[in-house]
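Presented below are the structures under discussion, each in the form of structure tokens.
Each of the next two complexes has chain A plus one more chain, namely chain B in the first and chain C in the second.
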Partner chain A sequence: MTLSLFDQFLSPALMGVPLAAAALALPWALFPRPTLRWVNNRLLTLQNWFFGQFAQQIFLPINIAGHKWAVLLTSLMLFLITLNTAGLLPYTFTPTTQLSMNMGFAVPLWLATVILGMRTQPTHSLGHLLPEGTPTLLIPVLIIIETISLFIRPLALGVRLTANLTAGHLLIQLVSTATSVLLMTMPVLAVLTATLLFLLTLLEVAVAMIQAYVFVLLLSLYLQENV
Partner chain B sequence: MTPCPTMHLLLLFPSFPAATPPAPVKMADRPVPVAEKRLMDVKLGELPRWLAGRNWSPNGLVGGVLGGYDRYYNKYINVKKGGIGGVAMFVFGYVVLSYVWDYEHLKHDRWRKYH
Partner chain C sequence: MPTSPVKTRVPLSSFGHLITEVKKQLFGIKGPSSVQLTGWRKYFNSYTLQGRRNCVLATYGVLGATAAAFLMHKQNKDGRQMSASTH
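Our next item is the complex of A and B:
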């Protein structure tokens, strides 16, 4: 049986249930329901602090009408950050490496912001297709360019998340394979690659969190334009 | 005359063993049907009967999962000074579960001379 480098992104099934199901259920288990108590346990306190910080950060530039999206975007951020960081554990499956899932997040949410803008303030939304201060001769070209950039947004959102995570996982696999092979033949070089692997893992942890944040931040920006 | 002649004897020997009332049966000694026992109290031979007595309907399975989650949560996380242990054990269990789930695929990742 030939093993390819992309085998790590498969989702094998046990008794008919794919591993992706367990991976998707993990965030539910890690974030318990808040209680009515005044002082909660440490995990809940930490999580609530984080939600508050994040929601404040994201929704500061958005006007009141956009605050309806707070629960959606905060829960999306939590879901993505949990999936990404849990995917760095050994043997786990990362659902966000699948383009299908990321497009499933990006397209509906982006489309919702566009439709919201077109319905509530169509002139203002269409006005975004032409930046202020454009020279008159450039207007037709620029409108076409801005329309293309508008439609490429969901593709960019989905592919950015997929590509970052897939590339990171692949790099880790390659460098770790190199380290373990070199351990037999040239141990000194293996130390070098092990250092590289360590730094790479740190980078991947950072990337996992940053990519989730960027996804939600960009969505909030699109919302800000349209609401 | 006294109605009970042995009462004189009782006065002479106050510690004479009189008929004591039967000891009350404690709650813990009463026999319990196997299906209602907790898992740790079920004997090995009784295990199939215990399993047959559990609720395997979808509602029952969901209830079992949520009950298990609640028990773990209240024991390790919803405590006054919870540490990293509660979450760490859970995450480790998740890693082990992922390994078991993937085993059929992972067993092909062995050291080979030629790939």
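Our next item is the complex of A and C:
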């Protein structure tokens, strides 16, 4: 069977049974559960330290009312980081390369921030659609532009994550294919492409973590505007 | 990472807001106070929060009314064309 470059992004199935749910449930199995002990083991302490640092970083500029979102955003961040980095292992499926899944994260969360803003402080939310000091003639134009940019946000959130991960995986596949093909015919060039592959993999690990952070950071910014 | 010279409470998620803050903080260009706004400018301006809210609502209202008028006109036109073709 001839494989195309995009077969790695197909949703996995075993004898007709979709395995996407198993792929999404994997991060839950990888992390230790908090215990009732006074002093936990090193892994749990490290995990708790990471959560504390992350939550402090993200929620420092947000009002107290927005701190209710701490558990949601911290768990989302951990989920995305795990899916992204686990997807870099060979022959694994990366759920965050599916636009449907990323839009499934982006649209409801963005909409929740907008509805929250409209419910708790409607004047602020509506007033935010027009920058202060806009010349009179430009007011309707700018309102339309700001409204369009508001509705583009969830699309940008989802597509950013999908595109970054998909592009990275494709590049890795292309360069690794080139390396394996060149290994027999031009070994020196194969060494160069192998070096490129190594550097690219390091880059993709960074991109995987950064993109998860950016997704959650942008959501926290949208929350900050509306709370 | 270089920090912005402009200090803001609300994150600047649009270029327009950034320009406003730059004008205010770096160049000292401030808008008129609420007392100086009279007449219709008191309710529709881009300086006070309420003025901006009213401008947004007015723009949405005008767009909504235009869309409704266009759709009704289109419906009437389709209805007239249907009745002309059956006769």
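As a working rule, the second predicted complex is superposed on the first by the 221 of 227 C-alpha atoms of A that agree within 3 Å, B and C clash if a C-alpha of one lies under 4 Å from a C-alpha of the other, contacts with A are read in each partner's own complex, and residues count from 1 in each chain.
In the analysis below, a residue touches a chain if its C-beta (ideal position, glycine included) is under 8 Å from a C-beta of that chain, and two chains touch if they have at least 3 such contacts.
As the structure is a computational prediction, the values presented were derived from the model and not from experiment.
Student: With the two structures laid over each other on chain A, which partner does A:Ile144 touch: chain B (first), chain C (second), both, or neither?
Tutor: Touch status of A:Ile144: second partner only.
Student: Is A:Gly16 touching anything from chain B or chain C once the two structures are fitted on A? First, second, both or neither.
Tutor: neither
Student: Thinking of the overlay built on chain A, is A:Leu30 touched by chain B (first), by chain C (second), by both, or by neither?
Tutor: first
Student: Based on the superposed arrangement, let me know which partner A:Gly127 touches: chain B (first), chain C (second), both, or neither?
Tutor: Once the two structures are laid over each other on A, A:Gly127 reaches chain C alone.
Student: Who does A:Pro90 touch here: chain B (first), chain C (second), both, or neither?
Tutor: first
Student: Is A:Thr136 touching the first partner chain B, the second partner chain C, both, or neither of them?
Tutor: Once the two structures are laid over each other on A, A:Thr136 reaches chain C alone.
Student: Touch check for A:Gln224: first (chain B), second (chain C), both, or neither?
Tutor: second
Student: Using the touch rule from the top, collect the residues of chain A that touch chain C in their complex.
Tutor: 61, 122-124, 126-136, 139-140, 142-146, 149, 221-222, 224-225
Student: Over in the complex, which chain B residues touch chain A? Could you list them?
Tutor: Going by the criterion above, the answer is residues 69, 73, 77-83, 86-87, 90-91, 94-95, 97-102, 104-106, 108-109, 115.
Student: Over in the complex, which chain C residues touch chain A? Could you list them?
Tutor: Within the complex, chain C touches chain A at residues 10-11, 13-14, 16-17, 19-20, 23-24, 29, 31, 46-47, 49-50, 52-53, 55-57, 59-60, 62-63.
Student: Under the touch definition given earlier, write down the residues of chain A that touch chain B in their complex.
Tutor: 1-3, 7, 10, 12, 14, 19, 22-23, 26, 29-30, 32, 41-43, 86, 89-93
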